[in-house]
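Notes follow the structure.
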């Protein structure tokens, strides 16, 4: 919902055997898909509790009274149909208590458990999107001519194609490492690697898609090439599931922690 | 139509008192605007002539027989209505000979005369777009909070805001210089400066808009902020009216020319 | 002496008709030059005073008792002779009271007055250094061959040469604007422009010199080309006379100030 | 000796039981080390042969008549003692025929076999240099203050530290992959991966060292921190053992080859 999950405002108030929900949630991805039959809503049940136990997750059905889908939110100019991103208003929505997932105050905990897998899944797709953009770029460069030769023969493109290949390979290996760690030592220990790849992969893909757009000329910015659509979609990944800056903050703090420990050990040894 | 204007394929064949036009032109900007009452079409009247005198420009009316608007070309999902970019087919379109502008074979010459003013006009607008994005970014940073303080107080943003201001100022000065030269010494002599700013300005704006999108979070990529729309529009300027690489090629060749002259003078002096 | 001038530690204590100086100052540029006949030392005369009036500047002669030049500080291995950067120790150095410049507590004020002109002077030289690197780069590219053609014909170099020319021109214009403002409205009002160019010019030059080094191959990193020396010297300018981050901080704060005023005016108007 | 190994000019002419060597070779690394007891010289024995069999490698002893060490070549301002890079002149140096390695015309083949291992060894060291720079940077940021707080608390540094960690990890994985391939499938098949890491690793290290220099302020550019020395040394790796552009060219051509094959297969399938 925000860089800082503790910003969430939606209120989930207990009233007898029900919870009453009030709030607005924009960027509810998938909510517009006709196959979407339930919403998982996060909000504050225990606003007085400590930061990490104020929130709960609760299941809401789209046709419950008080639920209004206000609008679709386009990404750049794409509606991302049929998936879509909805702005949803919850006004005195009444939900039976048993719809709370796991129990009151466990919303943050659930979110934490889910985010690692969600993030790496995005990164895996990102590698694929980048590969596809590189393929398209090379095909274009080898088939289109300008100034009496194939565009690929204007050697600036050698540099860009090579950088693309290098960066895809490096990101792929980091994704594989993170996934392997998730399997072997768990999401918690793998969280630095997940944060790293979450920052690195979308940026890598964006650069390659941008170069591919350039190679395609005007065809790159319109729908024919698929590239502008990929660009828009990858651009959201520098924000969704945590903006770059927030992941970098986490990574840096771990690094500083290691430095502090090292300095301490050195001092102790002296 | 292409990086290399000599790529144009549309045929304009003389037949008695008429010209017969055959070809397809995509990216006809403004053609979809209801106020658009005539098209200026460029094509080859003299395919055997030398490179720069093969083409002519001719006036065509939208409702002449054989003219078909095939579709609108969106830019990153935006239809750019009411302006729009059309793909237009010309099939045996017959136009009276007097519709040729200036005379047969002068198409390239006309294009050359028009491009300088067109390009600088885009660059001027670009400065404005960048200023507006910087304004929006600063307002967002000063009003939104994350992790217990205003985003502006996370000091990475100081660096980005400052870089934005520096780059706007430098581009503005180069636009002013180019415009001043156009007034005083003419478009031909000013063509290097025009090429320079055509490369520098859109890139500068894109970086600032991208940072502003980041500052806005999810709001940045949707229509509410106006930023994604600006991004899409600025991105086309790295292609339209000549891709970056082609302008850079021109600038570099002039630079090499100066170097050659300098080396020659030095040798002569020895 | 530091990003934050209030960090200065050297003590200048009044003792009758004399001041007694204690402290160490590294990076005393020019102190090793045989023509250097006096040092201007800055230190705290009034440590209890407010931040900006604690310090004074005082004239010290190199051969006064207690003055020891400890060593030369090389820059990337260059000794910058005959100029040089010295580490100097002041140990109970006694200086007559009349050597204080302007009066006690005015050190910061003097520094402020001097820094603007010093900074722009560096930026002007920077433009020249960048021009010279671009000249050398073009000469090399036009005369050296690899893979059967001149290096200049590998078109990636067109892009780099053009970017170099564009960036030099933009920085030159910003230097000229800043200088013009200093003349017409004074250093104080021109301080944002001075800060801007102080950040932009060295970075621009470093990129061009780095590309020139690349064009020269191994010759670029050694003394024959002069480029490595230029690189080292320009690199210090991202630190000396205020690191980039500190100037950017100043620029950003002015920008935020304008934003605040604009938001306030808008609210007032509503 | 050059981007393009076929540029080599040194002549190795057969004369009875001896070869007579004439030429100058600068950048003979290690030649100045007192422990260096023999030189391996590459030159043309068969200038009429095809490109890859013109050259031979031959063993020369430093004190043979006609061998003159002309000078040391500093890197930036560092002499890299005791190792050093020498410019060596060979004037009618006579060497017994049995000093030719493997046989006439096999110089290129030997060089090819040696380059892969040499390159990856540099990349492995590069990872270490980058790690060390990151360690130093973090220690400095956590211990030095400016503007009332630790420099690490100015959050722009979080971004830089995190990027450093991400880029080291990605490069490390690519080095490991290349090394693993060399072991398992041989240097020839691993040559793309070696080329990739040869481009990626030095650039990664240079960025981190440059940030570390910035964190150290003036201390970063002088010898105390070791960072300027590391920078100079890493900068040569973008040239030595093949400039970036040449490796990128190789990588791109392989990519274009794959694209061509894919397009061909697709056409065949249709």
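Order of writing sets the chain letters: A, B, C and D. Residues in each chain are counted from 1.
In this section, a contact is a pair of C-beta atoms (placed from the backbone, for glycine too) under 8 Å apart; a residue touches a chain by one contact, two chains touch by 3 or more.
What you see is a predicted model, and the numbers here were worked out from it, not measured in a lab.
Given that subunit B and subunit D are copies of one sequence and touch, is their interface built from the same residue numbers on both sides (over half shared) or different ones?
Answer same: the two copies use largely identical residue numbers here.
Taking the mean of the CA coordinates per chain, how far is subunit A from subunit D in Å?
The mean C-alpha positions of subunit A and subunit D differ by 39 Å.
Provide the C-alpha centroid distance between subunit B and subunit D, rounded to the nearest whole angstrom.
42
Taking each chain's centre as the mean of its CA atoms, how far is subunit A from subunit B in angstrom?
One centre to the other, that is 33 Å.
Do you know which subunit B residues sit against two or more other chains?
Each of 154-156, 158-159, 245 in subunit B touches at least two other chains.
What's the contact topology between the chains, one of line, ring, star, complete, other?
complete
Please name which positions on subunit D make contact with subunit A in the complex.
That would be residues 134-135, 138-139, 141-142, 152, 155, 157-159, 161-163, 165-166, 169-171, 173-174, 177, 193, 196, 199-200, 245, 247-253, 255-256, 258-260, 262-263 of subunit D.
Any idea which subunit B residues touch subunit D in the complex?
Touch residues, subunit B against subunit D: 154-156, 158-159.
Considering the complex alone, what residue numbers of subunit B touch subunit A?
2-4, 7, 26-27, 73-79, 85, 145-147, 154, 156, 213-214, 217-218, 220-223, 228-229, 231-232, 235-236, 238-240, 243-246
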